[in-house]
Each structure stands twice: as structure tokens, then as C-alpha cells.
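Next up: the structures, one after another.
There are two complexes below, and they share subunit A, which is joined by subunit B in the first and by subunit C in the second.
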Partner chain A sequence: MRNNRAKYAFLMPGVIWILLFTLFPLGYSFYLGLTDFRLGREAEFIGFDNYSEILGLDGDGGDDKALSTAGFTAFLAVGSTSMTLLAGTFIAWIFNHDIPFVKQMRAIITMPLFAAPIALGFLGVVIFNETSGPVNNILQGLGLPRVNWFISPWGARFAVLFTDVWQWTPFVFIVVLAAMQGIPEDLFESARLDTKSNWLLFRHITFPLIAPALGTVALLRLVETFKAIDIPFSLTRGGPGQVTQTYSYYTYEKGLVGSFQLGEASALAYLMVIVAIIISAFYFSRVSARFE
Partner chain B sequence: MKRLIIFVLLASLLMLGTLSVTAQDTFFGKTADELFPIPDVAANEQEQELAFQALMNANIPDGRALGEGKTMTFGVLGQGSRGGISGTIYFWRNAFEAATGAEMEIVEIPYNQLGTTIPADFLTEQYTYDAFIGAAWQYGDWVSNGWIQPIDQWIGDERFPQWSPDDTAPAFRALLEWDGQTYGTQMDGDAQLFYYRYDILNDPDWQAAYEEEVGSPMPNPPTTWQELLAVTDFFNGKDWNGDGDPDDGISLHLAAGGQGHFHYATLAASFAVTPSDGDDPTAVSKYDNVFWFDPDDMTPLINEPGHVRALEFLQELAATGQEAQFGWQLGDAWDNFLGGNAIATFSWGDVGSLSQDVNRSSIKGNLGASVIPCSSEWYDREIGEFVVDTENPNCVGNTTGGSWHPTMSTFTEEPELTYFFMALLANPSINFYNATTGWQGIDPCCTYQLYSPRGNATSEDYTAVGFDAGDMERYINSYGANVYDKTTYLTYLRIPGTLEYIQETLDIRLSEAMTGQSTAQEALDATAADWAEITDDLDVDSQLAIYQASIGYNP
Partner chain C sequence: MATISQVSEAPSQRSQVKSGQTFIIFLALVATFMALWPFLFAITTSFKKQIDSTDGTVIPWVQYEPTLLNWQQEFGGGGGDATFKALRNSALIALGATLVATILGTLSGYGLARFKYGVGNKNLVSWFLSQRFLPPVATVIPFVLLFKELKLLDTLPGMIIVNATFTLPFAVLIMRDHFAEFPAELRESALVDGANEFTVFWRIALPLSTPALVASTLICFAFSWNEFLFASVLANRDWKPYPMLVAGSDSVRGIMFNFVTTRMVIAVTLPVILSLMVQRFIVRGLTMGAVKG
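Moving on to the complex of A and B:
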């Protein structure tokens, strides 16, 4: 009996934490999404009207800003995830070899990971500056045309993408390198009796063995980019126009800037949660099962 | 005996001299070094000396009975301790603390969070701030929600530093008031002015080249937007500053979130606002002196033909400068002009004072300034047609901008202590000094900063702080004319949700149009649709009543 009480006592802090900081906000924001609540005004229960308006189910064409920001978020999620996976894996593969100054190089390469994303965004403002930024200077030095990073809609999209890739490639690098270092060396030694091709070794030994790690990283990166707000906020302020505003950024502006439309913002947030759950469910049902 | 008398006299004189020196060298026991330490507060000895002189001339009363042992919290637009607007509060904090014995906590609020932080503080009943400096366009939210309180009862009270609302130019004074009551103390007077390169436009060689290429004499200075476009178009791409590179016609800041919408409002005013035909050209009717909404039903006017033409014109004008302008923030556009790379800009008074800072400007002595241009083409809403008249263009002034100034929270527990600091900043001696620093972002608002006949400042007041007399003659007189002499003015939008209307929608749509993502018509149609939705969300009837009151419209 006493043991049971002690067990519950030990569990209570965790349960309270989950109730207070996970379940209550989830429940309360779901409730807010069913109201027309604006901070400072009386809330009225309106059922699923917010969802209908956002998705255009009310016949009004939907929230075009939500749609365009969702489009950019998808671009960022797919672009950044694939580029960080490719770049991180490639760098990890290089560093998995015996090369000089490997420890120092590793430390340097992981540095962007420890910077706050908002700081990298502000740094990006300098780096991508049209007239004096080093990126354009390098392009010019290579004989390529200068890019109007913050003026051209596609330039701005890629500036945000590249900054995000810059920040998160080290994360992929660390995880994939750890996975690569866990591969027994004798597998390579045996394989080298049949081929000297590094590509074949990578394709038939390294890749299958790091694939579970890559899958997990891909999921984490996808979820992370869904939430991205700080880099576009500090780098482009969502511009030009609204082309680099992410869905989270739009939700934040809707709920916490100026108009304080917490009802509609909660509905927007819930829609994102639903998409994230679908992606996670897909991953766990298909991708992870394949590698188990 | 005679020697004794002489000795006593000499000793007395010496004591008096010592006392007077002590009295002049300290402010409530604090020296200039303690009040404005270098480099923490003042940048150099000259700045320290001038600030201390301004403080001594302000005759600040003893406020220790109000403040001893108390703490005041001041919220301000956050741009750092040496940045625009917030720098002013840091700069005078020590003087306030010395005069009152109180302590002041400064909370900086970033520009993009102004519409969030202060409303959230009130809506969640935190009441953190005793006073805060915001923009005049926020009055609609602040007053209608009861967050700020009138200060009339303390104005003129000898327990506080002295200032007078009568010193403030009427166009700016209206921004300190709501419904006949004063809520703010004077500090910054924002209006956009036209600046150009005086030396280049007065160069006979360039005048001849212009006439040869364009076929008519160079307008000097341009007085209409159309003339300005011709001039900037002529100079754009030519190496008129002799640095070996092509230079710019115009320099504007047009990035989303970078306050570029102010450029649009200033320019569009003379394309879309018409003065009243009666005795009072400023009288507001359904068709005259309205810019944002139809005053009868809150229908957005932003996509009417005058606005669309203005945005198309802004696109043409911006094309006579660098493409990088579309990504520029305010400081970038200023620096391009101050660095001598653009022939013209239109912006706030800051350019006038910053042009005198040789660390930032290469155009000291060559600054041209003039009232904001008129338009020879405008849309008359009453007849539903465009009017073209080059002889009598449509001239509409502006008080575009924040006109940043302090207001007092309704919920402060120390209203008198709070007012003490607000009044200290509004004191003519201190405010004059602030407006001459450039870096504080404070522009002329008042008669003591303007030359005769609009004010009582003199050329010597400005040359004494190191300014060029010719530049000041052009800048100060134009600034005065800009806020005193225009037939009519762009109505200042200050209704609930102003930030939502302007910053969250118009600013984004303008950026889309300027970067080629949409046409002017499409961008403004989208803005009108957004605005109708916002008005609907905020309640049309309530918005209409506040809008009518704010522009003085009686249906």
C-alpha cells in the first residue's frame, strides 16, 4: 500500500507537468479555435467557423495568406530537409575518413548549430546584402550575376532556405557521423576485397546502415521547419510582400501581433498540428517499419 | 579698518563667485560628468557640454518631494541606448533621477512589437509601464480602451518642468490631443520633407545638360512629383558625384516591415486628397480631405483611382534609384543620400540634422530642402475624374510618421512623478538640444525650433551647435512651411487597429506591388479587401464613430 503511494507520489510531478504544460494548452487552444476570441473582447462560440474560413469551406475562397504561407513552409520543409540531409551526410562521410585536423574541423563545422536561429537571421542580413554582402561578392568574383536576395521573391526564398540549411546541416552531420562510426570496420574490409569504389561501398554498406538515423533526422528536420519562424523573421521580415512568411510566422502574427485574433490563430495552429501528426504517422507506419 | 572692509568685500566676492560656479557646475549636486558620462551616455565632450548647458537652461524644479525612494517604469520604442527615440530616455535618465531622487527603469520595445507588447500589458492587466513612448497613430487603441490619461491638469504647474502646448505647431499639437484633451507631451514632430543636392541642382553645367537632354530648364527645386521624377530620371545612372560610378536619382526605403508605407502615404496624399472648396480648405466632407476610408460607411478608399495612380507613380519614381531600395530599411536609404549617392529623397526631419554629422554625412553644406512636392495630376472623387493642372497643382502636406512622444498610463500609481519626466523631455531647452543631435531621431515640432515668421529660433541657435547656416536656412524654413503653409493635410489615421490596417496589410501589399508580384491595382484591391475584413472584425459602427471623430467629420 505504502509502496503504491510512493509510486504515485513519484509520478505526480510528471503527471502535473504534462497536464499543465501539454494537455491544458492543447485543450484550451482547441477551445479557443472554436471561438472568435480577440484579446480584450468577449469571446463567442462559433463552432468550426474558423476552420471553414481558413480552408474556404464557407465558399469564401479561404484564407489566401494561410495558403501562401503554407506553400512557402512546404518549400522550406522539403528544400531544407533534403539539402541538410545531403550536405550533412556528405560532410559526415568525409569526416569519417582519416584526414588531418579532423577534430578542429568538426568543432568549426558544428558552430552554427549552437547559434540562436534569430542571430543567424540577422547575420544573414549582412551576408546576403545585395551591395556589400560576401555572397554577392563571391558570385561576382566567380563571374556570376549578383542576386537581389531580399528583393526578388525567389532570391528571398532561397536566402531563408540557405540560412536554415547553414544552421541545421551540422545537426545532420553529428547524427550521421555517429551512425557511420558505429558501422563495424570489418564490413568495409571484406567489401574492399570485391571493390575499390567508394561509391559502391557507400551505397551498399554505409547507406543501408545509416538509413534509420537518416529517417529519424528527416522527421525531426521536417517538424522543425514546420515550426520555423525566427530565421524568416530576422532575415526578411517575411518579405518581399509575404513570400517568405512561414505558416508559424503567420499564425504568430494573427494571434500575437496587433489584432490578437487568438481564436483564428488557434485554429491555424491546430491545422498545422494535424499535418504534423499525419507526417509523423506516415513515418512511423512506413519508414521506420522498413528499417526495423 | 579700510583694509578689513576691502578684505571682507573681496572674500564675499570670492565666496559668491565660488557659489555661483558651484551652482552652475552641478545639477542637484551632480556634475556634467556624472549626468552624462563619456562614453556611456554622451559620445564626447562637446555633446556632454551642450547637453549640460541645455539642462541648466531648462530651469528644472526640485522634484525630490515627488520621487524620493520611488521607481518609475518607462516603455519606449527600442533602438538601444544610442538609438533613435529610446536613446533620448537613456540620455536624460540621470538628470531625472538627480532632480527627483527617483529611479527609472527603461523597457525597450522593438518596432515590430509595439502593437503587441503594450496592448498585451494592458489587456492582461499587468500595468507594467507608468509611461510609454509610442506613435501618435496608436491613440485610437489607447484612448478608446482607456489605457492613457489626460495630462492637462499638470501643464503649467510650477512643481514640474515647464513647456507649453502653444509652442507646438498646430499640425503636431493635434497629435498630442484627443477629443479636446491633451494626452501627450511634445517631443518629436514627424513630417516628410523633400531633400535634394543643392550643389548639383545649382550647378550651371548640370542645368545646361538637363536642358539639352530633356528640352526644358531644370526645375530647381522641383515643386511637383512630376518634376521630381523628371529630375531623378535625368540624374539616375550618371556619375554626377565624380566617384567614377553611376549614381542614383532617388533614395527610398521600401522593404516590407521597413516603414516604406510612409513613403506611399506622403506621395499619394496629393494624388488622392482634395481640399474643400469652401472658406475652410481643411473642412472634411464625404469627398474632401479624406484619404483612408469613406467617412460615411468606412468603405476603404485605398483602391480608388487616385491611390492606384499614386502607387504606379511611386513605382516609376523608385525605378530612378537602385533596385536594392526594395530591400532597404530606413537607415539604408538615409545613408545612401547622406553618403552623396542620390540626388534626392523624401523623408523625415532626421535627414536635416544627420546631414550635419560629418561622421555619417558627406553632404554637409550641400543639403537642399523644400516642402513636400505637389501633384499636377490628382483624382477628384466628387466628379469621379482625374484633374491635370500644371499651373495650380494639388498640394497636400503631411504629418506622416510616429511623432513619437510620451503618454501616461491610466493605471500609474505615480502620475505626478511620471509627468515630471514627460515635462522634462518637453522643455524647450532640452527638446531643442535633442532635435539637433540627429542620432536621437527627434525632429522639429515647435516654434522655438523654427525661424521667423513661424517661430523664434535663429540661425545662431543652430550654428552654435556646429550646423551649417545655409543648410539650416533651407531645412528649417522648409520644415516650417511643410507643417504651417500647406492648404490641406493628409488625414492622420489613428483608429483602433491602425497597425493592423497599415503594417500588417498595406505594407505587405505595397511591397508585393513594388517587387513586381502584383500590379498597383491588384495590390490595392487586395488591401481594400483586407481592410473591409478588419473593419468588420472590429465592428463597423464602432470603427466608423472613432474614425469620424478622429478626422473631424460631422455627417
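Moving on to the complex of A and C:
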């Protein structure tokens, strides 16, 4: 009995905190999404009208901006996930060798993860600057054409993508390195009798054994980029036009800038919540067994 | 996780191929430099005069004449007040949020590691961690309205609440994993000696948790320090944290690179230094259970 009281005394403060500050706001936001609430106006209950307007179920076409910003978000999520996985795995493979000062170099490589994304966006403004930025200077030095990073739509899309990739590659690196270090060395020793090719060793031993970690980290990366807003906010302000506006950014503008359409913005946000719930259910079905 | 020192003691995958070794070290240096140079570029630009700030040069004294002007402007005179105030706000918000998240995370983490709950521990842990998956724009709108009702807009307690909420998963995860490794015999022998669960936690488990507590504290602090989205909506005057100042750098006369990079360097220095102190816990703390770490 006493034991039981202790059991819940430890757990409950955290549970209550999340009920109050996450689940209650989420419930409230669901309700707001069912109204036509704007700041300074009475809210009226309109059922699922916001949703049918956004999704175009009411017959006069959906919300074009929601669609195009969702498109850019998908580009960013897929592009950044695949590029960080490739680069991070490669760097992890490099560091899984006998290298002096591994600890120090590993520490430097993880630094971008801890930098405020809002600041990195501004750093991107300086680095991708068309005339003075080092990126264009390096391209020119290599005999490649200079890129109009902020004027051309694809330039801007890739500037946002590369900044995100730069920040998050270290994340994939540390996870994959940990997974590689868990592979028993004798597996390689016996395989080396058959082949000297590093590629074959990677392909047939390392890769199959790190594949589960790669799958898990891919899901985490997808979720993280899918929420992205800080980097496009400071790097491109969503421009040129709104080609680099993410879905989160669009929702933010809809609800919290200008006409403050909180009802419609909540409905927009809720569509994201649904996707987030699906991805997180999938994610935790993969990893949660070890929490038992 | 095999520690790095263990790995380097073991014969490496490649140690027979000595010629390849130099190339591998070269690649490792390139990767390290790739992570580092944007920071170096920001630092060097922050010591430039306005007129030199867009000329593409990088080496002070050789290529351009460095100046402390940007740093003096940021910390001295009229601008200095705003800087110090924003840094103070950031520090207080991050400290408060870290304290709340670490206390709640330690208690819940201990419970989840030591007891079995009816709904399933793995479901509870997943439930705690899944807060990290939610898009912040979904909760920021209800927070504006609730905070307006509760008079928490632009206040320290309000900012602490939002930051503690979104860093709590880090704390729960780090502390649960830590307590899960805590030897059960220690706890059981103390219980046999008549101590109750709370005494065991307070006198035995907690004093042996310093490294995990430090890691949880530093990671929560760094992520609260960097938070921008909630701050931009919920604290735009008195309790404006430093990232808000960074975000406003381009408002006056377009972007002055020398000035923006100075603010950027200020914003990233503290969390980056903290990250160097928690290397051992980064994998565990940031990956939401993806790897055991």
C-alpha cells in the first residue's frame, strides 16, 4: 500500500504537468479549429468548415497556400532526411577507424546541433550572400557558376535545405557512430579473409547491422524537419515570393500575424498534429520495447 | 555504447591498410572543418568594419583590419542595455525551465525505471517522449489565449512554463535511462533495512546521479536558451530573450553582416560550450530512445 503511494507520487507530477500544458492546449486548439475565431471578434462554432475549406472538400478548391507550403515542407523533410543520412553515415564510417583525437573532433562536429536555428538562418544569409558569401566564392574557385541563392526559387530552396543539413548531419553522425561501434570486431576479421574491399565490408556487414538505427533516425529527422520554421524565418523570410515558406511558417502567419485568424490557423495546425501522431506512433512502436 | 576509448584499443577495421589510414585521417579533418568553418566565418566577420563586411575576406590583419566596434556597440552605450537585458531574460527563463524540467523529469524518470505501472511503462515513456513530436505551432495558439486569460503573457513564469514543457522529454529520457541502470540490490537492501521508497530515492539513488543530472540540466538549458518560436509570440517586450534580439537584427537598415554575426556568435557561444561538457550523454539525450547510448 505504502509502496503504491510512492509509485504514483514519483510519476504523477510529470503526468499532471503534461496534461495541463500539452494535452489541455491541444484539446483547446482542436476546439478553436472548429470555430471562425479571429482576434477581437466573437468566435462562432462552425463545425468542420475550416477543414473542408483547407482541404477543398467544399467544392471551391482547397487552400492553395497550405498546399504549396506543404509541398516545400515535404521537399525539405525528404531532402534533409536523405542528405543528412548519407553524409552522417559516411562521416560515422570515417570515424569508426583508428583516428587520433577522435573525441575532440567528434565534439567539434556536434557543435552545430546546439546552435540556435534562428541564428543559423542569419549566418546562412551571410554565407550564401550572392556577391560576398564564401559559398559563391568557393563555387567560383572551383570553376562553377555563382548561384543567386536568394533570388532564384530553387537557389532559395536549396539554401534552406543546406543550412538544415549542415545543422543536423551531426545528429545522424552520432547515432550511426554509436550503432557502428556496437558491431563486434570479429565479424570483420572473418569477413576480411574473403574480401579486401571496404565497400563490400560496409555493404554486407556494417550496413545490415546499422539499418535498424538508420530507420529510426530517419523517422526522427522526418519529424524534426517537418516542424521546421526557424531557419526559413531568418534565412529567407519564406521568399522569394513564398517558395521557401514551410507549412508551420504559414500556420504561424495565418494565426499570429496580420488578421490573426486563430480558428483557421488552429485547423491548419491540427492537420499537422494528426501527421505527427501517426509518425510518432510508428516511431514508438519501433523503439518503445526497451522502455519496459 | 562502446566508448570511444574501448574502440580505439580494439584493432580497427582498417588498421592493416596503412596507406588508407592517412586518407581516412584527412577525411576526418575535412568533416571536422566542415562543421567548424561557418562558426569561424561568423567570428571573423564580427570583427570587421561595416565597410569590410561584404568583401569576402577572412584573415584578420592580413586581409582586413579587425575592429572591436561591433562588440562595443552590442555591449556598450545605449545598445548594451537591451543586450544585457535580453541575455538576463534568456538566462532566467532557461534556468527556471531547466529546474522545473529536471525536477519533474527526475521524479517521473525514477518512477518509470523502478516501478511497473498498469498502463505499461513503455506506453508511459512513449507518451512523455511524444511531446517532442508535436509541432510547436499547434500549441502556441492556445498558449497565447490561455496566457492572456491568466495574465502570463510576457512574464517570467509564463516563459518558464512553455520551455519546461518542451524540454521535459529530454529530462525524463535521460533520468529514466540512468535509473534503469541503478543496481536494484542497493535499493532492496535499503528497503529491508527499513528505509521507505522516498528515503531510498533521496539518500541513495539521487546522490549517485550527478553525471545524469548535469547532462539533463545542460541539455534542457541549451534548448531553452535557443527557443525562438514561443518567445516571439508570448514574450515580445519585457521578457524578450536573446534569440528575439537576433531575429530583429535586420529590421533597421537591412542586414549589416558585421553586426548580425556578432549577435549570432553571442547567441550560440553558451550552448555550444555546454555541449562540449555533455558529450557522453548527447546520443542518449537527443535521440528519443533511438539508440541506447
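Note that the second predicted complex is superposed on the first by the 263 of 292 C-alpha atoms of A that agree within 3 Å, B and C clash if a C-alpha of one lies under 4 Å from a C-alpha of the other, contacts with A are read in each partner's own complex, and residues count from 1 in each chain.
Convention: a contact is a pair of C-beta atoms (placed from the backbone, for glycine too) under 8 Å apart; a residue touches a chain by one contact, two chains touch by 3 or more.
The structure presented is a predicted model; accordingly, all values stated were derived computationally and were not measured.
With both complexes superposed on chain A, which partner does A:Phe150 reach: first (subunit B), second (subunit C), both or neither?
The first partner, subunit B, only.
Which of the two partners, first being subunit B and second being subunit C, lies in contact with A:Leu256: first, second, both, or neither?
both
Which partner does A:Leu57 reach: the first (subunit B), the second (subunit C), both, or neither?
Neither partner.
In the overlay, answer first, second, both or neither for which of subunit B and subunit C A:Pro170 touches.
A:Pro170: touches subunit C, not subunit B.
Classify the contacts of A:Gly238 with the two partner chains as first (subunit B alone), second (subunit C alone), both, or neither.
A:Gly238 sits against subunit B, while subunit C stays out of touch.
On the A-aligned overlay, A:Asp230 touches which partner chain: subunit B = first, subunit C = second, or both, or neither?
Only subunit C is touched by A:Asp230; subunit B is not.
Which partner does A:Thr131 contact after superposing on A: first (subunit B), second (subunit C), both, neither?
In the superposition, A:Thr131 contacts both subunit B and subunit C.
Of subunit B and subunit C, which one contacts the greater number of residues in subunit A?
C
Output the subunit A positions appearing in both contact lists, the one against subunit B and the one against subunit C.
Touching subunit B and subunit C on subunit A: residues 131, 256.
Can you list the residues on subunit B that touch subunit A in the complex?
Per the touch definition, subunit B meets subunit A at residues 112-113, 115-116, 119-120, 123-124, 145, 255-258, 322-324, 326-327, 497, 499-500, 503-504, 508-509, 511-512, 514-515, 517-518, 534, 537.
Help me check something: in the complex, which residues belonging to subunit A touch subunit C?
Residues 2-3, 6-11, 13-15, 17-18, 21-22, 24-26, 28-29, 32, 91, 94-100, 102-103, 105-120, 122-123, 125-127, 129, 131-134, 137, 166, 170-171, 174-175, 178-179, 181-182, 185, 188, 192, 196, 198, 201, 213, 216-217, 220, 223, 226-227, 229-230, 233-234, 248, 251-252, 255-256, 262, 265-266, 269-270, 272-273, 276-277, 279-280, 283-284, 287-292.
Which stretch or stretches of subunit C touch subunit A in the complex?
1-2, 4, 7-8, 10-17, 20-21, 24-25, 27-29, 31-32, 34-39, 41-42, 45, 53-56, 58, 100, 103-105, 107-108, 110-112, 114-115, 117, 120-131, 133-146, 161-162, 164-165, 168, 172, 176, 196-198, 201, 222, 225-226, 228-229, 233, 243, 246-247, 249-250, 255, 257, 260-261, 263-264, 267-268, 271-272, 274-276, 279, 282-283, 286-293
Which part of subunit A faces subunit B closely enough to touch in the complex?
Listed in rising order, the residues of subunit A that touch subunit B are 38-40, 130-131, 148-153, 236-243, 253, 256-261.
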